[in-house]
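Have a look at the structure below before the remarks.
Naming follows writing order (A, B, C, D, E and F), and every chain is counted from residue 1.
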Amino acid sequence: MGKKALYFITTEKRSGIEMALENTEDEVTICLLQNAVFFANKADKQITKALDQNKTVIALKEDVEIRGLKNLIPDNVKLLDYGEVIDKIFEYDSIINM
Amino acid sequence: MAKLGILFFTGPYQSQACETVCKLANAALDKGHEVRIFCYMDAVNAVLQNQKKIDGIYNIEEGFKEILSKGAVVRLCNLCLLVRGTTKNCLTRDCGDIKRAGTPDLAKIIELTDRLIAIC
Amino acid sequence: MSEEKNLIILLREAPHGSLHPVEGLRMSVAVSSDYDPITIAIDDAVYTFLKGSDKTIYQMHIDFLKEIDLDVFVDKRSLEELGLTKEDLIEQVEIKEHEEILKLISECDLLIPF
Amino acid sequence: MAKLGILFFTGPYQSQACETVCKLANAALDKGHEVRIFCYMDAVNAVLQNQKKIDGIYNIEEGFKEILSKGAVVRLCNLCLLVRGTTKNCLTRDCGDIKRAGTPDLAKIIELTDRLIAIC
Amino acid sequence: MGKKALYFITTEKRSGIEMALENTEDEVTICLLQNAVFFANKADKQITKALDQNKTVIALKEDVEIRGLKNLIPDNVKLLDYGEVIDKIFEYDSIINM
Amino acid sequence: MSEEKNLIILLREAPHGSLHPVEGLRMSVAVSSDYDPITIAIDDAVYTFLKGSDKTIYQMHIDFLKEIDLDVFVDKRSLEELGLTKEDLIEQVEIKEHEEILKLISECDLLIPF
């Protein structure tokens, strides 16, 4: 279909990021908040897979910083502040909350 | 200007969800967006009064007062409050547009907003 | 969002240990006045529909959803991972291939997780 | 006759923990054991008053009243109550040996009991 | 050492049952309550491993029954009521709550 | 239980997303008046001790435990699964082989999980 889908992931449950990876039809963006930002640790196989699939990966900057993860996150994961996350939310046709 | 709905499920000081809700709502309000929040399950306890301020911990009561003062609409699952015994303890209309509601009000929020996010 | 939007209520947690699947079903019922939500169970939430489990506080929600012809789907892959088959579940739910579940999710406008 | 300590962390009507605590405590008390319970984090909200009774759902307030009447000792993390704003809402000494306490009281419970179980 | 250790598991977190399986020195009993009783589903590899290791596996009867799991649980998992679980708790030298 | 009992406080959850590791550390401090608890971090709780993370509400607990010479151990296997090394963690914690962690747990009289 090629619509723009935002996977809005706020927990460490694996099912959220798995669902996002399995969607290969749409233009998928993965947005990580709260403990989900740990998925952006470069040692995580799923984040590498998402980036290899050319999916856009976003993480909430403040949640990355308070966890001390900044140096562990690949350069192509975009760090956004709260306001920029709000902007993103309105850019997508569908919101898959996970 | 757009309209944002927020749904969440967890109470304060156990998980980060309440704090995230306040910060996202604040950011949306500061951009001039409309914000409608539905507190479901333990999340109804996020708006209780008399939450003691502790250094270094984000005070959830203050957070909700701030977003209410900026115009956020907050709806509380009535049954969730009743079973928990916390009905009489909530922030009041003095703080802004906050009131008890039924689950069908979530349908209304979905209808009245452009996007709904859930903070787990 | 317009009333035509596709809504999915996604159950992810096991019943009885937490109220999440029950509250998810209650939400499906609640939003059914304005939308036609599809309820989907994945992972341990599949257990919610096991025959013989105590459904005192949520059978009414399942009955209501079926009475107004709303779908309640169970992810087959999750079911198989738990060693369960169609026969282990109540008849009111329909088992869907994992690919179909993914397709439904990719087609929805809004997914609410429980 | 032995002494059982119980520690738990979660509030009512979100997870099963409160119900399990009441049922295990009841079983221990019925066998003549001593029971000492420490409510930590959200668990302090398990003993709030005015929890509405719903058919089919185990009422946690009633559960705690029952075990208190049978002699269970219940201690509530004071700081956890204060931050949540629920201090004034708790079951009172009329129900039995229930009171606010500090975290060091858990050490005391460990000392005073033969075994401590944690219900997550 | 060979002391008697009770692994008292009350959540679906895998780490609890894994720790129990990795203890091969003591006389280990695994006691499952709440959502942890799902580990006793005979399709679960870890429960099979525990039984193969001759560990005693106990599950709270009421929690098994309300979940409709009775027919899915191997015969050599013992179902105990609340009172019997209380008895067990006092039989062990150490309690590993998980 | 006598005062000689061996106590372990086990941290299992990631910091910031939940207060569990913080409350676990607070409990280690609290029981240290009567016992010598060993604090152990496994799984995502390992992140609690990452250099550069915001420790405003729990650094004091770590400092207190170290001041009275109590051990705070981190499971090496969990650390490696997260792609982390000794250098990523603060110096106040000690990394232990998984086998040693298991041995400590099997030797304890009481383990309290957070």
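Note that in this section contacts are C-beta pairs under 8 Å (C-beta built on N, C-alpha and C of every residue); 3 or more make two chains touch, one makes a residue touch a chain.
All of these numbers come straight from a predicted model, not from anything done at the bench.
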{"item": "Chains touching both subunit B and subunit F, listed by label", "value": "A, D"}
{"item": "For subunit B and subunit C, chains touching each", "value": "A, D"}
{"item": "Far-end chain from subunit F, centres as C-alpha averages", "value": "C"}
{"item": "CA centroid of subunit C to CA centroid of subunit F, Å", "value": "39"}
{"item": "Averaged-CA centre spacing for the pair subunit E and subunit C, given as whole angstrom", "value": "29"}
{"item": "Where subunit A and subunit E are represented by their mean Cα positions, the distance between them in whole Å", "value": "37"}
{"item": "Where subunit E touches two or more other chains, by residue", "value": "11, 13, 34-35, 95, 97-98"}
{"item": "Residue numbers of subunit C (touch at least two other chains)", "value": "16-19, 110, 112-113"}
{"item": "Subunit B residues counted as touching two or more neighbouring chains", "value": "7, 13-16, 41, 54, 57, 114-116, 118, 120"}
{"item": "Interchain contacts (touch definition) - all pairs", "value": "A-B, A-C, A-F, B-C, B-D, B-F, C-D, C-E, D-E, D-F, E-F"}
{"item": "In the complex with subunit F, residue positions of subunit D that touch it", "value": "7, 9, 40-41, 102-104, 106-108, 110-111, 113-116, 118, 120"}
{"item": "Touching residues on subunit F, where the partner in the complex is subunit B", "value": "16-19, 56-57"}
{"item": "Residue numbers on subunit B that touch subunit F, as the complex places them", "value": "13-16, 54, 56-57"}
{"item": "Footprint of subunit A on subunit B - complex, ascending", "value": "2, 4, 7, 15-17, 20, 23-24, 26-28, 30-31, 33, 114-120"}
{"item": "Of all residues in subunit E, those that touch subunit C in their complex", "value": "11-12, 34-35, 38, 41-44, 63, 65-72"}
